[in-house]
Structure formats: C-alpha cells, structure tokens
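To keep things simple, chains are lettered A, B, C, D, E and F as they appear, and every chain counts its residues starting from 1.
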Amino acid sequence: MPFINVKVIEGVFTPEQKTQIAERLTDAMVSVEGENMRGVTWCVIDEVRSGDWAIGGQGLTTEAVQALAAGQPA
Amino acid sequence: MPFINVKVIEGVFTPEQKTQIAERLTDAMVSVEGENMRGVTWCVIDEVRSGDWAIGGQGLTTEAVQALAAGQPA
Amino acid sequence: MPFINVKVIEGVFTPEQKTQIAERLTDAMVSVEGENMRGVTWCVIDEVRSGDWAIGGQGLTTEAVQALAAGQPA
Amino acid sequence: MPFINVKVIEGVFTPEQKTQIAERLTDAMVSVEGENMRGVTWCVIDEVRSGDWAIGGQGLTTEAVQALAAGQPA
Amino acid sequence: MPFINVKVIEGVFTPEQKTQIAERLTDAMVSVEGENMRGVTWCVIDEVRSGDWAIGGQGLTTEAVQALAAGQPA
Amino acid sequence: MPFINVKVIEGVFTPEQKTQIAERLTDAMVSVEGENMRGVTWCVIDEVRSGDWAIGGQGLTTEAVQALAAGQPA
C-alpha cells in the first residue's frame, strides 16, 4: 500500500544515488510497517527541471542544490 | 472536477496508447459521474524515468515492464 | 506499474460509486496495457473538501458539482 | 509549509514565464499567510508532455494551448 | 490547463483564507498566462493532518505553523 | 529540496508510527544527499480513506492491510 513519491531536481542525483534513495526509503518504510508489506511498497522518483523549484519565490538550480549539499554558500 | 493523474514509466506506452489511456479512463469516469461532467474531467499522464520506479525497493526498467506485460519473467 | 490517482470533491460520490470508479478505471487501464499488468495497477481516490476546489478562481461546492452532474445550472 | 505544485504542458511557458509563475504564486500565497511564512513556501512546476493532458478525453497539445491563450479557436 | 495543487496543514487557514488562496493564486497564474486561460485554470487545496508534515524529520503541528506565522518562536 | 510524499490508508498507522515514518524516511534521504540537505528535506504523509485504494481494481480496507501486515490471508 504505501506509495512513496520523491520529487527532486534533475541532475542532482546520479542514477546510482537514485537507486540508493529507492532502496533506503523502502527499507525505512518496511522497518515501520513490517517485512510483509515490502512487496506492496512502491517508491517513485520524479525529476523537476532545474529552475522550476522555488523556495520563497527564488528558483533553485541544480548547481545551487549541489553547492548547498557541499556546504558552500548558494 | 475529477482530476485523473496516471503515472507510468516512460517508453512503456506509445503516443497512440497514451491517447487510448486518456480516452478510456475518461469514458470510464464519465460512465459513473454522468455525461454532463465530461467537460470538467481531466486526465494527465506523467512519465517517470526508467529505473526511477521501485517495487519493494527493486528498480523497474522500461524493459522489465514490457516483459511483464508480455507475460515473460522479468 | 501504473498508478492512477483520482482527485474528487468529498460527498459527490457514494462509497459504491467510488468502488465503481476504481474498478472501471482499472479495467480501462488494463484494456490498454494487457491483463498481465492488472496486479500492478493501483487506483487511489483522494477526496478534497467542499469549497477547496476552484475553477477560474471560483470555489466549487459539493452541491454545485451535484447540480452540474444533474444538468442543472450551478 | 505550503507546497504549491503547478502542472503545465511543456513548451507553453518560457523559462522567464515559469520564473514569473513561481514568484507570483509565492507572493500570492504570502499575501494570505503572512511574510513570516515566505521561507517555507515552496513552488514546484511539473511539465507534462504535449498530448498527455486530456480534457473530456481529448488530448491537448502545446499548440492548442497556445492558440487558446491567444484567443484563437483551438 | 494549469493545475495548481496547494498542500497545507489542516486548521492553519480558515475557509475564508482558503477562498483567498484559490482566488489569488488563480489571479497570479492568469497574470502570466493571459485572461483567456482563466476558465481552464484549476486550483485545489489539500489538507494534511497536523503532525503529518515534517521538515528535517521534525513533525509540524498546526500550532507550530501558527506560531511561525505570528513570528513567535516555534 | 527533496519533497517526500507518502500516501497510506487511514487508520493503518498510529500517530507514533507516522512520526517514525517521517523520521526514518528523512534519515534515509539524508544518508544519500548529505546532512547539509536535512533542513530542506520535507516529508508529508497523506491519508486515503479505507476502501479508496484499489489494487487490480479490488478495494483495500484498513483491516485488509492490517491483516497483510500481520501475515494473515487478506
């Protein structure tokens, strides 16, 4: 039953990282709901274009998120 | 009023099949709500990248879905 | 794989009609994708509060939708 | 807290218009909730492929929307 | 075409404020897309239960959001 | 940036379990994206009414999910 939908900005995560996201979020969900629910736990990642995500009205680019992740001023 | 949103993996359906999906889901909805509601029945298809859809934590590719649809072991 | 999400205004449809919506939309989807996909075709109905759905900025109530469905002026 | 998600058809709006959409919707939201909430007001724009958006079962293309916006018959 | 979906925590906004949100977000959208698009601009508000919205893993209650809106420490 | 939205059927999880879901999914996301992103990692849980979630066209009730979680035949 649970449907986990993760929205991210495109280009921030590599395919390997997106695989990790799906695995780890599913494992986290299963740790609460129980292993019997694993087969009906879905996780879907949506990618949004760079610039099409705004916080407080200011558009975020892929580069700004990468700088934030690296601890650099955006 | 009804807003029907269908998430699928990209590349699984042809444009013609996506047209069929929108037509048939709309007709199915109208068969319940009544013909007067047709004009306010919207159907939007979102495509998710191959690999970005996981079941039980295992990523599904376009090819895996096509194999499943064809009745082949994935 | 397909995830069908239907947003409606609460109180417009009875539980029986919502069961019909889920059945018929699933059947419509399966008619395109093939019967092998039925088990991985999910349909979820979200209900939105009366008044919390606007078209052109005008809020729709449950009563207005019922009048529209019945072919009466809203 | 508020999460504003805007679905549009791809190619209808330029990047500059999408920036305006995010800014103006955020400002509109802040005008109701108060300026203290600006930093936690997110606005994300999803683009759907031309043809993958149907009204009453009829697919809308980017061109049809542009014609509608221009006041021309679609 | 545009479909604007606003997620908020229940109890934060009064019905009158939700009416304002729908009106002002629609007007903001129309100011970019043009008046001809007003009739196909939908705005739907979803309410999430108090506590079911987390930032950085910390649940937000209706009261915490009201305190933030009022400029008080949460 | 990441916005994690989890849809579940109402009544399946207690408030304490929903708190765990938000904490653990956020921690799982942060384990991939890095600790600097925690403050902009949102997790929102939507509850759908019992019966309004169908798999293969068959409605799932809260009780059916609880039986599945407990390893009992649904």
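Basically, contacts are C-beta pairs under 8 Å (C-beta built on N, C-alpha and C of every residue); 3 or more make two chains touch, one makes a residue touch a chain.
For clarity, every value in this text was computed on a predicted model and none was experimentally measured.
**Student:** Treat touching chains as neighbours and tell me the shortest step distance from subunit C to subunit F.
**Tutor:** 1
**Student:** On the document's contact criterion, could you list the chains that touch subunit A and likewise touch subunit E?
**Tutor:** Touching subunit A and subunit E alike, sorted by label: B, C, D, F.
**Student:** Please give the intersection of the contact partners of subunit E with those of subunit F.
**Tutor:** C, D
**Student:** From the C-alpha centres, identify the chain that is farthest from subunit A.
**Tutor:** C
**Student:** With over half of the numbers shared counting as same, classify the subunit B/subunit C interface as same or different.
**Tutor:** Same residues, largely: of all residue numbers at this interface, over half are found in both copies.
**Student:** If you fit subunit B onto subunit F using only Cα atoms, how far does it have to rotate, to the nearest 5°?
**Tutor:** A turn of 180 degrees brings the C-alpha atoms of subunit B onto subunit F.
**Student:** Just curious, how far off is subunit D from subunit C if you go by their C-alpha centres, in Å?
**Tutor:** Centres of subunit C and subunit D (C-alpha means) sit 22 Å apart.
**Student:** Can you check how far apart subunit A and subunit C are, centre to centre, with Cα atoms defining each centre and the answer in Å?
**Tutor:** One centre to the other, that is 28 Å.
**Student:** How big is the gap, in whole Å, between where the Cα atoms of subunit B centre and where those of subunit D centre?
**Tutor:** Their C-alpha centroids are separated by 22 Å.
**Student:** Among the residues of subunit F, which are close enough to touch at least two other chains?
**Tutor:** 3, 7, 27, 42, 44, 46, 53, 55
**Student:** For this structure, enumerate the chain pairs that meet the touch criterion.
**Tutor:** Touching chain pairs, listed by label, come out as A-B, A-C, A-D, A-F, B-C, B-D, B-E, C-E, C-F, D-E, D-F, E-F.
**Student:** Given the complex with subunit F, which residues does subunit C contribute to the contact?
**Tutor:** 15, 18-19, 22-23, 26-27, 30, 38-39, 41-47
**Student:** For the complex, give me every residue of subunit C touching subunit A.
**Tutor:** Those residues of subunit C that touch subunit A are 3, 42, 44.
**Student:** Please output the residues of subunit D touching subunit B within their complex, sorted ascending.
**Tutor:** 7, 46, 48-49, 51-57, 59
**Student:** Touching subunit A in the complex: which residues of subunit F?
**Tutor:** 1-9, 12-13, 17, 20-21, 24-25, 27-29, 31-34, 36-37, 40, 53, 55, 60, 65, 68-71
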